[in-house]
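Have a look at this one.
Chain naming follows the written order as A, B and C, and within any one chain the residues start at number 1.
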Amino acid sequence: MVASIEQPVPTAVYAEVQQFYARHIHLLDDGHVTEAVDTFTEDASFLSPPKISEPVRGKEDLLAGFHAAERTLAQSGERYRRCYTMMAVQPQEDGTVHVRSYVQVIVTRHGEVSRLHAMCVCEDVLVRQNGELKIYDRVVTRDDVA
Amino acid sequence: MVASIEQPVPTAVYAEVQQFYARHIHLLDDGHVTEAVDTFTEDASFLSPPKISEPVRGKEDLLAGFHAAERTLAQSGERYRRCYTMMAVQPQEDGTVHVRSYVQVIVTRHGEVSRLHAMCVCEDVLVRQNGELKIYDRVVTRDDVA
Amino acid sequence: MVASIEQPVPTAVYAEVQQFYARHIHLLDDGHVTEAVDTFTEDASFLSPPKISEPVRGKEDLLAGFHAAERTLAQSGERYRRCYTMMAVQPQEDGTVHVRSYVQVIVTRHGEVSRLHAMCVCEDVLVRQNGELKIYDRVVTRDDVA
């Protein structure tokens, strides 16, 4: 992600982005797969090594991937919570919004103590469609394998 | 908590809610029990299984509960830090504000390494009284026992 | 840090402060030492026991300290991510901005599971110089040694 010259971030955009991620992640972590996929654009790209080492492209493949991840979690009795912090929000001249965040992935197996599974950095390109923010491009890197 | 139709969140409310939680949690974690209870309404309800398996109702009982929790912590030499992330803020038509957040509860025993004690979800109904936000209803669920 | 009478925080300031910390911490954690030091004032003071038990004063000494910390990390093969939450932002009458935050310091050694290294509280005094926020005074305390 090439950073453009830094602009002050409009206050409304910063709050909107935080709210967007809260809703997006709640949908994802709660297994509302269809609604979660709707927070991506039709032609979205998603890369998250080592599990997703080639970009997943398009909503259909994202949906299949999220469904598969849900099944794996259900079988293992685990629940994920992705805790985003340190969101650097950079609106670009082309109307997209770049967001770089830290993500602590907390995993809980029923009846066991919750634990930090992975420390990640999430770099997203958001676009606006019919007034709503959507994820157009996501690259997640994990500190333990980066 | 029944979600109403989603409205865009006014920017000012989003920042105000974040600031409210920061102050509220600092008071609670620092053992300022009386001031912490003042961030709830007189008739507030608080439910947090498995420890608090029946709703605690009203400021008097909340105060007693927080004092008891403080004594337990003091005896064990432990300190709590509740780290809220992913706040989804939803103002309702009746003037209340629904907030759903992730909470990492970090516990530190003096001289020992800090550790993740519990991963929780906090669902609050906030109301406005004399201009100030107050907690009217709180339900906390823990991933390891949910 | 002596708290003044609490004022409602202007929304724009709250978002600006969050964005400031995101950028500041990304620079620090990514090892961009020179740019990270530029987020402090020329006469900044930094105290963080037990490692930094006497205040480091001025950009030159900060730079030397950050470079030394970077070398230590590089040798150990570790990476730090400082995750700020619960930011209480209090603009003061003298134009400074007091910010009290929780900081989870997550450390990852390449190829090993990420872990919570320390739970800290960061108390900063920010000032505005040529329109930009800078750190004038920082005191970090760790729960395990406080």
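Heads up, the rule we're going with is that a residue touches a chain if its C-beta (ideal position, glycine included) is under 8 Å from a C-beta of that chain, and two chains touch if they have at least 3 such contacts.
Just so it is clear, the structure is predicted and the values come from calculations on it, not from any experiment.
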Original post:
At the interface of chain B with chain C, does the proportion of residue numbers present on both copies reach over half, so same, or stay under half, so different?
Top reply: different
**OP:** Just send me the rotation angle from a CA overlay of chain A on chain B, rounded to the nearest 5 degrees.
**Re:** 120
Original post:
Just how far, in Å, is the C-alpha centre of chain C from the one of chain B?
Top reply: 26
Original post:
Which chain A residues sit where two or more other chains touch them?
Top reply: 11, 15, 83, 85, 104, 116
Original post:
What does chain C use to touch chain A in their complex?
Top reply: 11-12, 15-16, 18-19, 21-23, 25-26, 79, 81-85, 104, 106, 108, 110-116
Original post:
What residues of chain A sit close enough to touch chain C in their complex?
Top reply: 8-9, 11, 14-15, 83, 85-89, 100-102, 104, 116-119, 143-146
